[in-house]
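Chains: A, B, C and D, in written order; residue numbering restarts at 1 for each.
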Amino acid sequence: NDRLTLLAGPCAIESYETCAEVAETLKQITDELGINYVFKSSFDKANRSSIDSQRGAGMAAGLKVLAKIKENYHVPIVTDVHEPYQCEPVAEVADVLQIPAYLSRQTDLLLAAGRTGRVVNIKKAQFMAPEDIQTAVDKVATNDQHILVTERGTMFGYHQLVVDMTSLIQMRETGYPVIFDATHSVQVPSGYGNHSGGNRDYAFPLMRAALAIGIDGIFAEVHPNPPEAISDQDSQLYLSKIRPILENANRIFHEHLEMKAVYAHDDLL
Amino acid sequence: NDRLTLLAGPCAIESYETCAEVAETLKQITDELGINYVFKSSFDKANRSSIDSQRGAGMAAGLKVLAKIKENYHVPIVTDVHEPYQCEPVAEVADVLQIPAYLSRQTDLLLAAGRTGRVVNIKKAQFMAPEDIQTAVDKVATNDQHILVTERGTMFGYHQLVVDMTSLIQMRETGYPVIFDATHSVQVPSGYGNHSGGNRDYAFPLMRAALAIGIDGIFAEVHPNPPEAISDQDSQLYLSKIRPILENANRIFHEHLEMKAVYAHDDLL
Amino acid sequence: NDRLTLLAGPCAIESYETCAEVAETLKQITDELGINYVFKSSFDKANRSSIDSQRGAGMAAGLKVLAKIKENYHVPIVTDVHEPYQCEPVAEVADVLQIPAYLSRQTDLLLAAGRTGRVVNIKKAQFMAPEDIQTAVDKVATNDQHILVTERGTMFGYHQLVVDMTSLIQMRETGYPVIFDATHSVQVPSGYGNHSGGNRDYAFPLMRAALAIGIDGIFAEVHPNPPEAISDQDSQLYLSKIRPILENANRIFHEHLEMKAVYAHDDLL
Amino acid sequence: NDRLTLLAGPCAIESYETCAEVAETLKQITDELGINYVFKSSFDKANRSSIDSQRGAGMAAGLKVLAKIKENYHVPIVTDVHEPYQCEPVAEVADVLQIPAYLSRQTDLLLAAGRTGRVVNIKKAQFMAPEDIQTAVDKVATNDQHILVTERGTMFGYHQLVVDMTSLIQMRETGYPVIFDATHSVQVPSGYGNHSGGNRDYAFPLMRAALAIGIDGIFAEVHPNPPEAISDQDSQLYLSKIRPILENANRIFHEHLEMKAVYAHDDLL
């Protein structure tokens, strides 16, 4: 594909209003820039570090919000599924079902997501080697060939993630589009003891690096006011600052396409 | 507690006969040695690397086998749960519900397991820092105070696990009994590309090391013929070789108890 | 500085002829492209995995070759020092003294290199956190303010390196120019048991990623015939393929400068 | 050998008096317990994190102190060498030359140490896989067959070490005695930014674990007043608390010997 794809939105469905504000702004910017846009938000944060953390709207209420966003802003929707039974109802609203990284080895969830016929975005687990995403892909591909694979960082010692940029090249071997999740990759897992921290400032540089390596899309959590978000306060991007980031990301994306067109592969690798 | 606990049995419920053979032998040895024994086997291998790997008996058939083992050999039972809906039916048979390591951050599963009132054995995820087991414990403890925490190795680079023995000390801070899983700790994740390998020979030395640090129990997968098992062929222990291993493990366990009784803690730490 | 810097040449000084071939070609390409070029080659491979591996020309013979290259091709020279006593004689020829990564905590070597007044290029150790390069910088800066800091990958499990691209941002905090070593970063340490392997194909993509993050220079080993080199056969780049790589690298370097000029920093980070 | 070996003493040679106090006490305890004792102290801390940290007595003054300790307390001596030229003068006093972990790939240092004919204790680098110690051993063994290999922890993410207890088994494959360094293994590298921290409380449990795995000796830094030491304040053991630790360590050592004598290897592994 010759257009950059963006999966973005607030981490959790906090309210219709928050979702709408993000969807409207991102739809407008991506239309101007020629970027494919998919609205992302989660109805349940099912693996929060702490039992005391907020989990979001819940499935029934969350899907209603997502359906309304889809209708009002004409954007496709991506959201997480956590248990096999959720796949069917979620697929009635969402165009893309997302497999959370921690669950990317759960066979039944991958099979159930595949059976819906929707696109399935598999996040590579923090504990999974890049080439092993193939085994997760194989589980979905039993039923469905519309798959995305997403890099979101790899565990590196306790409370640390590292992005191995070569994973983007290795995941391309699956034959499916590769997405780079720029905001979860900068998390500091359980960095505050009972909740995760993050280095928001690294999201844009890592996004540029991933685009320079060559990817098909970007995943990013974007919020009108990240410090007040119910989750990922340290890693979500400010909606008000997103335009120059996407402009520049799009530029690197196209520079990479041109580079591939100009240079013979054999002379570069 | 002044007796060693052993959670052991074949990795997957392959047949009643295999389970019975293991249960009978382990019951007899542990009775002789004064070890508390809990029979372990899984009705579903829900996160196999490959879609083509066998998954075991399934929940309904598996629980029947476990009930029969319990009745015939008078042993308590531990088995895994993978989704919240399984906790209730499993708790009708199992005395201990086990949370698989990859799922040890899934809040709903931990809550559902806790609601059964059964003992819950939480395996610390391969991506989780030792002190963060507290957040998983807190989720179960909302409903239930009967908890075990288990070390089973930590991701160390791709396709590698390492056992951080200090985690056994840190997990003790939760106040709950600490178990060392000697056979999953020696796995080589996805070591064969589409299935995991293992270093069976390291299971006994690591078990000794963990007992020397000080633990309450051992978890080990034991099979009459590991190379023919449907899973974990390289890491399950031979039933025929288990007696001297348990004899010696028990000896180290009691040496540790004596050491703590003889020496003043302040002079040692 | 508004020009990209390149430190490049054959890994080891195998012969004057090999060095001359590389220096001539790289000097010509970098002059055309407006890149600052520094010729690199090592007179001793002092930390080969195996005692049986070749180590190169030795200091006396090696410095003669480097002096001749400098005179004939009008290029500044960078080469490694391994012990404090080498710094003075090396500094008579070399414009940049390089501290090998494994030795980047050896205080006497850093002090001796700094005392020469030459530029000192400190390679960050594979075991060193990015912010800790400051302690190595402080040792050189006692005597000398001309310092470069180089990323060359970080240990990640056994026999694995990972490039943490955020380290390039963190190392910039020292205030000194940041170099990315594209060919050592793709090594597989002791990948063949008694010598290291490498993934040459990842060097160019990682170079692009590092340039997209923002660096001042590139380090790369380049050889007329890498498979026949006496070291780093799997990671050195082919001299015959280097032109398009440098053209594209230079383009990303300037895109990054433009990006910084166009966008307000506050809107991006 | 059927006796435990102990390499122990203050981290740095701070004064003759400190060294004498430690040597006298340890000599007496180890004589009582039947442990082979080698006095350890370093004349130079050559790789301190910070340029401002104290480095110790220096080689000339340090060797004088070590010679006097040897003479007065009838103990063999182990001390570090950092550059090849040091090996000869050090070998005039020291019975064991120790290769610091960071330097365990420096071929010239290993060769020079081997040429002295003294025992060479090679510390496995924090970045080295266990089986790769063989390449370091081969370099010493060119000249000398009296070798010890020491585990002191492996890098695990930034600012973290982990002890992989299976390394003790793998290093045994070299055929040389295996030592466990209980106090450097609990360091927190650069844990305080410009100097290292440590978890002294883990040294004894890890020592027990290593002895349970099976080792030939223990390395430990011991100081009359660790918080006032010039280095490793958080990891050195208190001289006043060392007796029960050594008593118990010796007991585990002999339990391991008995275990090996009683059980057939094939039934345990």
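In the analysis below, contacts are C-beta pairs under 8 Å (C-beta built on N, C-alpha and C of every residue); 3 or more make two chains touch, one makes a residue touch a chain.
Here the structure is a predicted model, which means the values were calculated and not measured.
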| item | value |
| --- | --- |
| Counterpart interface for A-D, drawn from A-C, B-D or B-C and sharing over half of its contact pairs | B-C |
| Chain pair, C-D or B-C, that carries the greater number of C-beta contacts | C-D |
| Whole-Å separation of chain centres (CA-atom averages), subunit A against subunit B | 34 |
| Cα-centroid distance, subunit C relative to subunit D, in whole angstrom | 34 |
| Centre distance in Å when subunit B and subunit C are each reduced to the mean of their C-alpha atoms | 48 |
| Contacts with 2+ other chains: residues of subunit A | 156, 158-159 |
| Touch-based graph of the chains, sorted into line, ring, star, complete or other | complete |
| Residue numbers on subunit D that touch subunit C, as the complex places them | 46-51, 55, 82-85, 102-103, 105-108, 125-132, 135, 138-139, 142, 155, 158-159, 189-190, 193-194 |
| Contact set on subunit C toward subunit A in their complex | 154, 156, 162-166, 169, 199-202, 204-206, 208-214, 241, 243-245, 248, 251-252, 255, 259, 263-264, 266-269 |
| Residues on subunit D engaged by subunit A in the complex (per definition of touch) | 156-160 |
